[in-house]
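A single structure is presented below for examination.
Chain naming follows the written order as A, B, C and D, and within any one chain the residues start at number 1.
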Amino acid sequence: GGGLYQLSKAGKLSVPAMNVNDSVTKQKFDNLYCCRESILDGLKRTTDVMFGGKQVVVCGYGEVGKGCCAALKALGAIVYVTEIDPICALQACMDGFRVVKLNEVIRQVDVIITCTGNKNVVTRDQLDRMKNGSIVCNMGHSNTEIDVASLRTPELTWERVRSQVDHVIWPDGKRVILLAEGRLLNLSCSTVPTFVLSITATTQALALIELYNAPEGRYKQDVYLLPKKMDEYVASLHLPTFDAHLTELSDEQAKYLGLNKNGPFKPNYYRYRALISQNGKDA
Amino acid sequence: GGGLYQLSKAGKLSVPAMNVNDSVTKQKFDNLYCCRESILDGLKRTTDVMFGGKQVVVCGYGEVGKGCCAALKALGAIVYVTEIDPICALQACMDGFRVVKLNEVIRQVDVIITCTGNKNVVTRDQLDRMKNGSIVCNMGHSNTEIDVASLRTPELTWERVRSQVDHVIWPDGKRVILLAEGRLLNLSCSTVPTFVLSITATTQALALIELYNAPEGRYKQDVYLLPKKMDEYVASLHLPTFDAHLTELSDEQAKYLGLNKNGPFKPNYYRYRALISQNGKDA
Amino acid sequence: GGGLYQLSKAGKLSVPAMNVNDSVTKQKFDNLYCCRESILDGLKRTTDVMFGGKQVVVCGYGEVGKGCCAALKALGAIVYVTEIDPICALQACMDGFRVVKLNEVIRQVDVIITCTGNKNVVTRDQLDRMKNGSIVCNMGHSNTEIDVASLRTPELTWERVRSQVDHVIWPDGKRVILLAEGRLLNLSCSTVPTFVLSITATTQALALIELYNAPEGRYKQDVYLLPKKMDEYVASLHLPTFDAHLTELSDEQAKYLGLNKNGPFKPNYYRYRALISQNGKDA
Amino acid sequence: GGGLYQLSKAGKLSVPAMNVNDSVTKQKFDNLYCCRESILDGLKRTTDVMFGGKQVVVCGYGEVGKGCCAALKALGAIVYVTEIDPICALQACMDGFRVVKLNEVIRQVDVIITCTGNKNVVTRDQLDRMKNGSIVCNMGHSNTEIDVASLRTPELTWERVRSQVDHVIWPDGKRVILLAEGRLLNLSCSTVPTFVLSITATTQALALIELYNAPEGRYKQDVYLLPKKMDEYVASLHLPTFDAHLTELSDEQAKYLGLNKNGPFKPNYYRYRALISQNGKDA
């Protein structure tokens, strides 16, 4: 989505665009719920590490980080969080994670997982201080989060122990286990459940249909979020998989709430509505 | 916030207003994190019920419902969810709750908790079918969620067993335990932690300061959300309580992310940004 | 139970005795499952503390400690454990708790909970180093775990702020909140669910019936555990409360397992069998 | 262990034997903690199934079943338990699982996991009623738990879709996914962490050393559990992995508790002591 917004800001977007990546179902499923499982899967398939009792630091407490933290905590790991955003940091506190700077725990952790979208979140200086046998991997949005380039120096030896798994060996024999050369663990070393693919593909298809069918003038050369009602439609198509039964509003209830019985069910300002204004109106 | 939006829509709002209720920190703390604790507290103080093994249905899976579900599940209750919104319903599925219609489980549950903001979510017909000794209470936004009025009929006897606790007795001797006469359990039968009061009061104070100090023209006669940077400021003021240490962006990282080192840290379209447009622009 | 074993060892036990305290259902329900709830209840009723984000140290990781740790972790507290027994310590690690010495965390924790059965687990020296506003309480077996006597010195002021809650005030104004003067929090400041009372009372009644009805010679002047089959009987009497349905063995399966279809269902050496030998035979 | 006890009972055991399988650390690590991870690993590697929202029935709530249930619940599955033993059934209730007979849920579950040690826990009749696409696997002690032989009939087609994964196809096209042909999933489709192997190997080595070094007469031709002190020793050897710090008893505390400062730390009748008497003394 980021690139589209930059194009839009620069006035260079020549067609309406739909930011499906930030639709609620896509966000929750691709990121939180999918990563909650793929972090475990990716670590097991590559390293067979036991989670119980391990000290792990998760860099970034967005949707991906929340998923990783929840899964690892549930399996008995002790999880620390690093954050730059005080709101996410406070959420991490309330969810039971110590919020630290990476340097505070770098010498003691068994696993580092980056989920920030930022660059050089783990630096060579920090990798130098990690324990022998510790694991470093990336679940974020790019392959820049771990400064892998800094590890390609003559004094360090790389040993490929199996597909997607390198041991980086320091002169004193210390080994740090680097997964997927710092690329995305969930794409490189794990699988994506068909259920999540279905959510994503349905969202994309509906966005294209909406853009194609929309009456002249509904969308300008800007970036839009999927209309909430379609987001709800994607979700409703996937409920039967879980044998989930929706409650229907009575006429009286719909009137009381000021809602249409068929949705959308949330007022526009609902937390996950997330409309984007490109014109600076939002303070 | 709802009333303000109606005033605004009707063109009757005579001053700028700040919807502090939907600021991120307020939402998360007052609702999710606070209710996660007050549902347990409120039930214990009034009924001494053991949570382990109890079957509970939570009506509504918004922030309040999520908090109630998480707490009760963690303490060994078996929790069902009812929902009208397919997105929230799918979230409930992924979080491990069966999504049902109330009628499917009404005969078997030990506790009903309403968190919908809707009216008549639990009807007399449903109360008639509940088990002897079951508990009904409300954590939602009004005292209309349980149709309490329908219980004030001659064939039912009310017995006040202690403050905020009534036994409603059917002719066959069946007792249903009604808490706070259907008013908010968290306000009537539980306490609000000072920490949450501090979050709320700080948010309100900052909103007033912003409205007072804002240059002419920044705010019109409309409803606004707290600027994200202030929301972040509220959060940052409360981090020392938890001895939480924020990570600071380097100049290089801030540039890479296109962010100011002092925030705001999320792009406007971030999921919890929740800007309100009153002018219909949002599809 | 301890006193009976000492009498038995000293040859002073004049009748057969049944150690109902160590029966499986009693242990699990009175200790683990009951304390999982009463630690939350006791802390809330006395202090209204918010659990989310709080740092807590639980001294002792037996059944009571496990219950306290599970509940507090689930509600977002960060929990440390102290232990003297390496097996319990390793369990705490695998369950996701850092195992520390009390002195390592004494300056940072918000709450200390003792569950050891030991004496002077929290000393005056340690109380001196606690933070302002921190809470100290006891969930263990006696009122000796916290060295409360050491706090009754002239330089400290005691202020009773409400029933069961004292502020102990240091000369510099620091306050430590002492609950129930160091007596059992779960008995002093919380309630015991009727369900747990029923388990306990049933177990005690069955033990008396067994001792009364047992043929001459089945029991000597020693301490016995409740026969496993009766323990199972207590449990089976309480299953209907949860609408739980037991599976019955087929004849073929019972034969395959070498079990009677009506139980007992576990071989004698099963982990929770816990036979007591008083004669030193057990290595 | 079972075979040794039968030999002992029959008077055919010609040497002392140590039942290391039932030592506390072995039990907890090989079973509960290891299976908590390997159930997830085994299911992912073979089927890529998403856990969130899936309905799962776990047959048997011993250590293995507890581990499976805890892991799957934590990742958002809805878990049912079947049990023959009322004590374990009551534990399942308190841990938040519905206890059902398999037939009650057979048509709705997505996954069946057997952990009983019993035979024919899942019968052909039940397999006939499972949903299309459901998964059947075994985490128990033998390959008899699922009646796999009953599936080798002419009207059913077997399709090997990948190593360890068979689709069994009914005449109407329904497919049931059978893992490892009903053999142990954790051995066939998952890995065992080196940490667990270390616990097991250490326990076995210490048992052999004890039997070899024991003075004449300490052990007769019977089956013994590892002396508790050695069990503790195994645990203490593995604590540094987690940087866990044991608390040491003071002289005064050791005297108060009647314990040696170096252990063993639990009285013989402690729940996990589990001494075996073969002479019928235990009621």
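We adopt the following convention: a contact is a pair of C-beta atoms (placed from the backbone, for glycine too) under 8 Å apart; a residue touches a chain by one contact, two chains touch by 3 or more.
None of these values were measured; they are calculated from a predicted model.
Between chain A and chain C, the least number of touching-chain steps is 1. Taking B-D and A-D together, the chain pair joined by more C-beta contacts is A-D. One finds 34 Å separating the Cα centroids of chain A and chain D.
Chain A and chain B have Cα centroids lying 25 Å from one another. Taking each chain's centre as the average of its CA atoms, chain B and chain D sit 41 Å apart. Residue positions 33, 52-53, 75-76, 93-94, 98, 242 of chain B each touch two or more of the other chains.
With chains as nodes and touching pairs as edges, the resulting graph is complete, every pair of chains being joined. Residues of chain D that touch chain C in their complex: 1-2, 5, 19, 22, 24-25, 27-29, 33, 63, 82-87, 89-94, 98-102, 104, 117-120, 144, 218-219, 224-225, 227, 231-233, 235-236, 238-239, 242, 244-250, 252-253, 256-257, 263, 265-277, 281-283. Touching chain B in their complex are the following residues of chain D: 52-53, 73, 75-78, 93-98. Against chain B, the residues of chain C that register as touching in their complex are 33-34, 36-37, 40-41, 44-45, 48-53, 55, 71, 74-76, 108, 191, 193-196, 241-243.
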